[in-house]
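Chain naming follows the written order as A, B, C and D, and within any one chain the residues start at number 1.
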Amino acid sequence: MLEHYGPQLVNLLAAVLLLLAFAMLSQRRILSLINLFAAQGLVLFMATGLVAMITGQTHLWWSAGVTLALKVFLLPWILHRLIRRLNVKWDVETLVNIPTLMIFGIVLVILAFNLAAPISQLAGTVTRATLGIALASVLLSFLMMITRSKAVPQVVGFLAMENGLFFAATGAVYGMPMVVELGIALDVLVAALILGVFLFQIRSRFDSVDTRHLERLKEE
Amino acid sequence: MIDMGLPFAGVDGALAAAAAWIALGLAAMAAPASLALCRRALYPAGAVVGLALAVVALGSLGAPPSARVLPLGLPELPFHARLDELSAFFLLLLGAVAACVSVYSVGYIRKDDAGAPPGLQCLCYHVFLASMALVLVADDAYFFMVAWETMALSSYFLVTSDHRHAEIRRAGYLYILLAHLGAISILLCFGALQAGSGNYSFEAMRNLQPAAGWASVAFLLALAGFGVKAGIVPLHVWLPEAHPAAPSPVSALMSAVMLKTAVYGLMRVTLDLIGFPLWWWGVIALAVGLASALFGVIFAAVQSDMKRLLAYSSIENIGLIVAGFGLTLLFRGFGMGGLAALALAATLYHCLNHAFFKSLLFLATGSVLHATSERSLGRLGGLIHRMPWVAWCALIGSAAIAGLPPLNGFVSEWLLLQAFLLTPGLPQGYVNMLVPVAAAAVALAAALSGYVMVKFYGVVFLGQPREARLAEAHDAGPWERSSLVALASGCVLLGLAPSAVLAALEPVTLRFTGYTLSALGGGWLFIAPIDPDRASYSALLFAAVAAVLVLAAWLSVRAFYHGRARRAPPWDCGYPWLNARMQDSAEGFGQPVKVVFGPAFRIEGEAPSPRDPRPRYRETAEDRLWYWLYLPVARAVERVTALVSVLQRGRISVYLMYSFATLLALLFFIR
Amino acid sequence: MSASGFIAQLTELLIAVVLAPLLTGWVNQCRAWLQNRSAPGLLQPYRMLAKLFEKEVVLADNASPLFRAAPYLVFGCLALAAAIVPTLGTDLPLNPAADAIALVGLLALARFFIALAGMDIGTAFGSLGARREMMVGFLAEPALLMVLFTASLISHSTSLTTIVETLAHREFVIYPSMAFAGVAFTMVSLAENARIPVDNPATHLELTMIHEAMVLEYSGRHLAMIEWAASLKLFVYSCIGLALFLPFGVAAGGDWLGLVLAAPALVAKLAVGGAALALIEMLSAKMRIFRAPEFLGTAFMLAVLAMLVHVLLEK
Amino acid sequence: MGAELALLLAPLAGAAVLGLVGHRRYAAELNVAFSLATFAAAARLVARVIEEGPFTALGEHFFIDSLNVFLVALTAFVSLTTSLFSRPYMRIERDHGRVSDAGMRLYHAMYQLFGFTMLLVLTTNNLGVMWVAMEAATLTTVLLVALYRTHASLEAAWKYFILCGVGIAQALFGTILVYFAAERILGSGMTALLWTHLDSVKGQLEPTVMSIAFVFLLVGYGTKVGLVPLHNWLPDAHAEGPTPVSAVLSGLLLNVALYALIRFKVLTDGALERPFAAALLMGFGLASVAVAAFFLSRQRDIKRMFAYSSIEHMGLITFAFGMGGPVASFAGLLHMTVHSLTKSAIFFTVGHAAQKSGTQLMEGIRGLVRVSPAIGWGLMLGAAAILGMPPFGVFASEFLILTTVIAQHPWAAPVLLVSLGVSFAAIFGKVQAMVFGEPSAARLAHRPALAPVFVHLALVLLLGLYIPPYLADWYRRAAQLIG
């Protein structure tokens, strides 16, 4: 039963992940951006748990737990506090118009799938299709970072990219070894904290967290 | 031919001399601020080392090549040193000149709190000497390049030793920049010569025969690389800036020896490492050399700074040397060994001569500079009364550089012209056409150098002092005096004993052309490069007869008439209010050349209006190449820079886009 | 060297030194006739020399030893030059010591010293003259050298006697190159001997004079030496011209009869040459000083052309 | 056993201790002491490798071979000398009130932690851990760059963080792909990430996966190496951080990142028969050399200029490794060594020069030799060395590289020529103007520490004239490893 539906479920979750990535790409409001990020974390957690269930690899449970703690609760919480303190809560970001962004995103997805297709064939895992999706979501969040000019969305994009990587690890290879997983998680956490501190300092310097103010160092 | 057995291998002697020089330099750093240490101990010791080096070189001229591998350098490529006839000849030149210049420096260096401390200068000076010696004995590409660039760096520090003046800094910068570019091109030349064998020792390069194409590439790279250092047109721009900027002993060394190391390098690469010159290389070298010769002498004629004038005259002489070298290649290319030997001998002879008279003149200007603290010809004059020693030595030097018999300059030009007169034998129509023109160019350059020297000597030493304070000018001190006299007598001896010099040159010509000159007749009194019936010259006899005639004239006038003389103010066609400003200025003396060779210059200036109460006349004659070649390059670089800096506009999302684009591009690229 | 050679050499030298002023006198006389003036005596130059020798020397205050030595040096150089050029015989002991190039060098040496002497006093005229003299020099000297090179390319030797022997004693050949060379040589020798159209020895106009401007400060025996040297120079150039272009009658190695016959031949040739020179001077007008480079440049080009013609036609 | 542990524990302990007392008067000495301990451990490690050859330790988690041990030694040495230099330097900064107590604490702690992360990257055998350590190195240096809390430093740190963070993320994806490829042969679990095992089976790794993985790794770690066009963070970060940090950044961190790249290049070359990685490295290297050279001449900030010069030299090294072959790889390793020594020495002098004249703008720095000859000559000689003037060691490697280029890839020679010429013109012109001429500088509160400068330059000089045999052997073995 699980053996039968598990993989399909995982693929479903992968699709949801990709959908969320697109949503984040097109999301204007910071607050909902963070919520979407949290949702992505949740999906990631479920996917990891599911894979753990299917394969019965214990360390995947651990990483699922870490994901839950980190990506679903801790980081979103930090971000929420951040935007409340910086009171950019209701900030609305003006992006390049969304349709073009969507089209470009779709191109990226196609590229990612094409790239991943030959690899997935090799994969011994039940969830081989997910690699392409993971790659796609990584590229999408990269694209998102490029198109955002405010600091917080860039941070979110950065973290979302980490989500994509996690998903790649889980989907393609049933997760990296434990040490590495933990190390990565730690890095992400520290990174988030440091970013938080930075945002405050930047804010206190330029009373704004718009990265357009960060364009003084350049060549004339 | 001279053969004095040495108790040790020549190369060891040369290396020991270099080591000794370096040691002296480091010793100076014990007390960088102490002038006395340098004057009393180090420079005299340096002179002794130079003398010893000269003796060693002379001794190993006849001896077979000696080699030695030092435990330094790269793992697979330790420093190879080798001393063959060519190195020996140039080492002889280096040692002799270095000895004289060091002696001179003892008297020359003064307390100068502003410039670099004397100890530091002493260090750079001796490292400079040592690196030149090492360049001459290096026998692998790496060692050669290390010595070569050390030479450039140390001489750069010497040039900029008084770095408070912006123009000196500019000169130094230009010098080091061009030197470095030249070095890179030499490096690539060696890269082409090793032809992928990965073996950079000259021995290996000698043995493997590169394809003609690669050989030509190597030759052109070498011509460019060494040409920068030698100062051949159009790579000469650093030379007239750097030589005046440097202290006079350094100018003397740079002009007399350093330029010759470039000639040495060119000969080493072409005649030795490549080994089979193609005739058209000779044509190129000939053309470039003659162009440099004419360019140099024409510009020398219009200079108004005595050291610049001498610097341009160096360009001329180097041009003649390169032309002679080109002739050598031409003959070698057509397999005419004997004629190649003649041309090579003429070239080397001229190297030696130029080393002597050019260092003599630079040192003389140094004494003038110290006595009057004045470099501009426009404010000198009449010094023959104040500083007779310097003046008479300089007279010999000027006559020699003007190529007048019976001094040394004439001998090498005589040999060179003889070589030219033999070129109609060449089996190549166009080259034959080229010959008369080339010979004419050489003759013209020689005549013009006479013009230049009359200007130089007449304006500096003759006439009336153009400034009042020149009356306080003092003659050179004993140290400077002795070195000047030594160099001057060197010029005379080299002029009077050509057969001895040619005999000393035999081993070199024998090794690189397979022929010698004395085999073709002559004897101790006459030199007859081809055969006595064709052309011969005896400086000794010539000078003797001339002297006899002059003396006879003088004595008989004294005998038949009287020796009465009365001193009176100058007559000047009866014009009573004569003053120093009525003499020709340096610019005025250069005027005819400006008129005759107008197109060569980029002349701008203004002449005063007829009713100008305080008339001022200004005219500058600049080098067109600067505007045709160098500034455009600089501008091009500027443009590219502006283009590139678009990459760094400061917006972070753009930066992210770069890496994103890179990623996507690569991902496409591998699919 | 053979005794005959030595004697020939000595006689040549003496003849040159003695006859040189006579040649000058002869040229002046011809010119006077052509301008139908009543000419000064043929021996006028000798009288002038004698007068100058008698006079005491008036030296400028700031004259240096170089100034005093120069006249003798110049005289010596030109005397030697006269000795080198084969005028009577071709068996000259001095010949291997100095060839055509050395001859040019010798003339350059003389010019070098006279120019320096001109600058020594530091008068306006002196340095002006020196500058102009050197300007003439740096174009005339290479031209002369090219002329000699043409001859030596023909005779495969730069030694003057060999050249003369080749030109004189082989079967007569017409060398087109020598025609160019001849024209060039004539122009050069006009310039070098301070003749119209380049210079005018007769005047002291500062606008025009070259040679005279240099020697203005000289007087007494010094001036005498310089004048003598000047006429020697004229003599030398005429002899070079004769040796290159009319080498007939010069005695081959060591036959006494030849030497004896050569002397009248020489005199005759010189007479003709002098007359020709006077004629040229008569017919041409003095040119502006900055036309001189063009004039000499033409000479130089012609000389180079002569070499080219030789390489082209006479190989 | 033990040496490698000490090597890692010393800086870790140092970080902990200095995190507490880093603001005290004696903190700088403590910093030096810990660096010294690290260096001692490194020396022991070197000795051991010399006698035993390569070995793994701590259950294969650590792997020491000739390639990384010389980098370990270099890293430990340079961080020691840098700590010596930072002693007076940071005191002066503090006296000028640019750094607070908390700042000093952070600085010292992060300095040690940074050393730890770099050593971890170098010594670990686990590619995952390597990634983690690399990210950690980024984080620590980000804090160091932002130390002054000025506008510029914050901006620089932010850019550094975002760009390198994103880049590193790509590297993680690449690592995952490598793991993916390895897992199919070595089976799931730790061993599939251990470099030694991967190296033993590299022939069987799936080519497509490896090529894609290498692309991601190149973009990832290449960002940290500072390869054009991924270099944009580098000049800002170097220019705005404290000078000791600039010294270690360009002297060490770039090397370490390149080291990681090389490890993967070895695997990729093993997996693919065509020279795929080599071509990429050569391309990026050449681009970096050319572009950086042209950037140089427009610089006004001295540290920024030398940052661009670092890009140029890293490009040259990358190009050399791309060419491969015994000579080129040897030259690349040699160039790594001499570059980090020379460049850190230059930054030492630059730091004091900037402090003396109170500005980093070059037109404000004049006539250094007149005010303090040591700094002036240090800068002049350092510049001459970095520009490849013999007899300094940089020339030795450039000699080998250039001559190899002419022989193997003549098409690249002109590019290198132009670039080297342009960079020489730019750097030397500006340095000469700063060193010579009429002075414009003040006295310093504390005596500058110039021993490190001249020690480094002496070493570089030595390497130009004589390369000790055991060092040469290292290089050769490492070169064989790189291929």
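Keep in mind that, in the parts below, a contact is a pair of C-beta atoms (placed from the backbone, for glycine too) under 8 Å apart; a residue touches a chain by one contact, two chains touch by 3 or more.
Bear in mind that the values here come from a model prediction, so they are computed numbers and not experimental data.
Among the remaining chains, those touching chain A and also chain C are B.
In terms of the distance between Cα centroids, chain B is separated most widely from A. Comparing chain pairs A-D and B-D, the larger number of C-beta contacts belongs to B-D.
The distance from the centre of chain A to the centre of chain D, each centre being the mean of the chain's C-alpha atoms, comes to 31 Å.
The mean-CA centres of chain B and chain D are about 44 angstrom from one another, to the nearest whole unit.
If you average the Cα atoms of chain C and of chain D, the two centres end up 78 Å apart.
Computed centre separation for the pair chain B/chain C is 35 angstrom, with centres defined by C-alpha atoms.
Along chain B, residues 645, 647-648, 652, 656, 663, 667 each make contact with two or more other chains. Residues of chain A in contact with at least two other chains: 115, 142, 145, 154, 211, 214-217, 219-220.
Residue numbers of chain C whose C-beta contacts span two or more other chains: none are found.
Inter-chain contacts occur between A-B, A-D, B-C, B-D.
Note for the complex: chain B touches chain A at residues 645, 647-653, 656-657, 660, 663-664, 667-668, 671.
Residue ranges of chain D in contact with chain A, taken from their complex: 126, 128-129, 131-132, 135-136, 139, 142-143, 146, 149, 151-152, 154-159, 161-162, 165-166, 169, 172-173, 176-177, 179-180, 183-184, 188-190, 193, 206, 208-209, 212, 235-236, 239-240, 295, 298.
By the touch rule above, chain B contacts chain D in their complex via residues 71-75, 116, 141-142, 145-150, 152-153, 160, 163-164, 166, 169, 172-173, 176-177, 180-181, 184-185, 187-188, 190-192, 194-196, 198, 200, 637-638, 640-645, 647-648, 652, 655-656, 658-659, 662-663, 666-667, 670. Across the complex, chain D meets chain B through its residues 158-159, 162-163, 166-167, 170, 211-212, 215-216, 218-219, 223, 228-230, 232-233, 235, 276, 280, 291, 294-295, 297-298, 327, 369, 384, 387, 389-391, 395-396, 399-400, 402-408, 413, 417, 420-422, 424-425, 428-429, 432-433, 436-438, 464-467, 469, 472, 475-476.
Within the complex formed with chain D, the chain A residues making contact are 115, 118-119, 122-124, 131, 135, 138, 142, 145, 151, 154, 158, 161-162, 165, 168-169, 172-174, 176-177, 179-180, 183-184, 186-187, 190-191, 194-195, 198, 201-202, 205-206, 211, 214-217, 219-220.
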